[in-house]
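Chain lettering (A, B and C) follows the sequence in which the chains are written, and residue indices restart at 1 in each chain.
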């Protein structure tokens, strides 16, 4: 278990305020957030480059807050991989073992095992400048993993790669993590990337942690408006909420109301629904607190679904999955959609 | 008619651009030609010319060779010249070594650690580079003959002024300043993340520096070393004031080590050149000057080959 | 070996049981402190030797001010001439495609690295030949025992240095700006005037100050070329040497102090203007 308790630090441009994060052993946790949220600062505190003003970091029972980086045994793969340019791949990988004064034959054996595990054994004599992006990343991973760190920190490992490659390497990272049974903390700014690899996600905003949970938890119950926006929830609208037996009813003005079972709220709120949660109904069902009718304004075809913009009583974006035999609605059509109460998320406005 | 057309051509926008471009090229041409001419026009001083030593002062310089036929183009036949070269090389090398030993860690600290007052320190180091050498020589004199270090010297039985360690001290002042500027720039060019990774892998700060930072900054560090060495070898004014010319000092003033290395019989090259001209042996002085130019040219070439800068701004 | 649960084995400790804290950072900081202390001692010892009451007496002396203004005047004049040649040369070196680039840059770097005493010696030879002789005849100047000689030496020593500094300033201006300006229809002189020079302004001003400081500190070339005529050619650094030979210790220290003050003030000005763009 790796814990960060009450970490605070002020570095001028970037700061952290009261960070509390617990990562379980063997877990793949992703640290998400927009640029400037403080993700890299948190990583650098964990490694030991910055000393936090308050708080402690406990790694597998040892308090590492007072230790130097070389004593913490935390692996680090920075964004530009930072492979030592004057050493071959093999020397890069063996660096940590040499620093710990391991005997030469052990160093050889370990390095060779790790290179074989990551599929770079054929590159052992090359210099980093002659490696491709993916090969550099694997070398950096091997270098960090060979010293058996308690946790491996990866700073935006896939940001520099193009889409196809990053998808492949994301799966690769996941496979390696499962194989070696280690704890990974992966930092990125893209929710899509996170959903491919994460066991749990921690979302940061302006130096604080907004929410920690699995992908499903974050998608279905975002803790704040920021988290909902960050996870690509769309269809926001403001209204006044009144409590009901099962949750609340939100009055959006002009006689429009929607139901929600998200929780009991009262007063000014923002409601949000994910586009994929909205059902497109056949026929012409009766209007009600769940059903809205409107005209299709425009459509954008994506790879596996069509994004439909609806001008109903309030503007909506709906995703229509491509299904054989079922045509997508065309612009100008009048269609009815249903907003399931359990899919409507509500956030009080004073947040 | 032609004149009017020419004027119209010159004042049109295209013509103006051509004038400006010509002016830009002219600047470079003047510089390059001037630099060449400065050295080339003095080549005739190297032509063979026999000249007997006439003045008594000259005889002091070569106590064993009274009627040495020196022609400046063949200055390399004169053992006094080689003794001079010897002194220069030895002192410059020692100075460069000391500057590297102290200066490289200092440059690393200034580059990586948050030393308080970094801009003030920068102003101080830059000022030392721009200080006239006579000022530096004088400050050293004040320090060692009248200042706090005088008593320390007396107690230790050293004589720094007018001796070989004195030459090294003077050369060290400027050598250090230039070296630190160059080395700091070299370390600045190394990505600090490399050291973070090295430390996270278990390397101590020294190991990270020795195995990662230094090899990566190798070209810049060596360029800085060459710069420091050349600056030390070219030091003239400070040495003149702090140590004056060795030929006039009695033998007893030199330490046994200096006498052993035969370093007390000659001055560093630049000082030698000046003495020769002062005493009237002009062609010899010019030849020594050319030797200095040769040394500087070799350094400039070496530094350019390594990709470094020869100036510190 | 499949590497199953490799990391569960626990971290590698190696032979080193207890961690040894490296002393390297401490060594580095000690070196900085030592060098700093040495330089400060160097500069301060002058001031301490002189004492405040003596300083007040010297400041009132005409002898000091004659040489002070001579230094300022010659250095400023030499800097102007250097800039006239140096700024265009710097721009050409930075932007234009020149033939034999490495040879040219080596030749331009040479006068910077050659000791100024040697430059003075070579000037001795050059002054009797074309073109300098003709220029001096034309202008009715004589270079020996004359401030004009001082300006000449200062100019020769600083002009290549100036070109190098200006090149560095122009290198700091992204050529993209000039390309956009030309594409919008501005001519080369217009672009230079409205885009390049304003952008490089800080660098050029800071470079001018550095060149001025270098010219004001020049005396080794003067020794051999011009000779020390009182009141006409003994700029302050030269006066230090001349008075030292004459044994006038007080004057020597005063001149030296003024030189130090000039150097520190100019470097502080450079720092304030140039900011981050220079080595520190």
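What we mean here is this: a contact is a pair of C-beta atoms (placed from the backbone, for glycine too) under 8 Å apart; a residue touches a chain by one contact, two chains touch by 3 or more.
Values in this document were obtained by computation on a predicted structure and should not be read as measured data.
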The pair out of B-C and A-B sharing more C-beta contacts is B-C
With centres defined as CA means, the chain nearest the overall centre is C
Distance in whole angstrom between the CA centres of subunit A and subunit C is 53
Taking each chain's mean CA coordinate, subunit B and subunit C are separated, in whole Å, by 14
In whole angstrom, the CA-centroid distance of subunit A from subunit B equals 58
Residues of subunit A that touch two or more other chains sit at 68, 70, 73, 96, 100, 147
Among subunit C residues, those touching two or more other chains are 14, 21
Flagged in subunit B as touching 2+ other chains are 202, 204-205, 207
Listed in rising order, the residues of subunit B that touch subunit A in the complex are 191, 193-194, 196-205, 207, 211-212, 215-216, 218
So, in the complex, the side of subunit A touching subunit B is made of residues 44, 47-49, 68-70, 72-76, 78, 80, 82, 84-86, 95-96, 99-100, 143-144, 147
In the complex, subunit C touches subunit B at residues 14, 20-25, 27-29, 31-32, 34-36, 39-43, 45-46, 48-49, 85-93, 96, 98, 102, 104-119, 121-126, 129, 156, 159-161, 163-165, 168, 187-189, 192, 207, 210, 213-214, 216-220, 223-224, 236-238, 240-241, 244, 252-253, 256, 259-260, 263-264, 266-268, 270-271, 278-280
Listed in rising order, subunit B residues that touch subunit C in their complex are 13-14, 16-17, 19-21, 23-28, 30-32, 34-39, 41-42, 45, 102-103, 105-106, 108-110, 113, 115, 118-119, 121-128, 130-136, 138-140, 142-143, 146-148, 173, 176-177, 180-181, 184-185, 202, 204-207, 209, 230, 234-237, 240-241, 270, 273-274, 277, 285-286, 289, 292-293, 296-297, 299-301, 304, 310-313
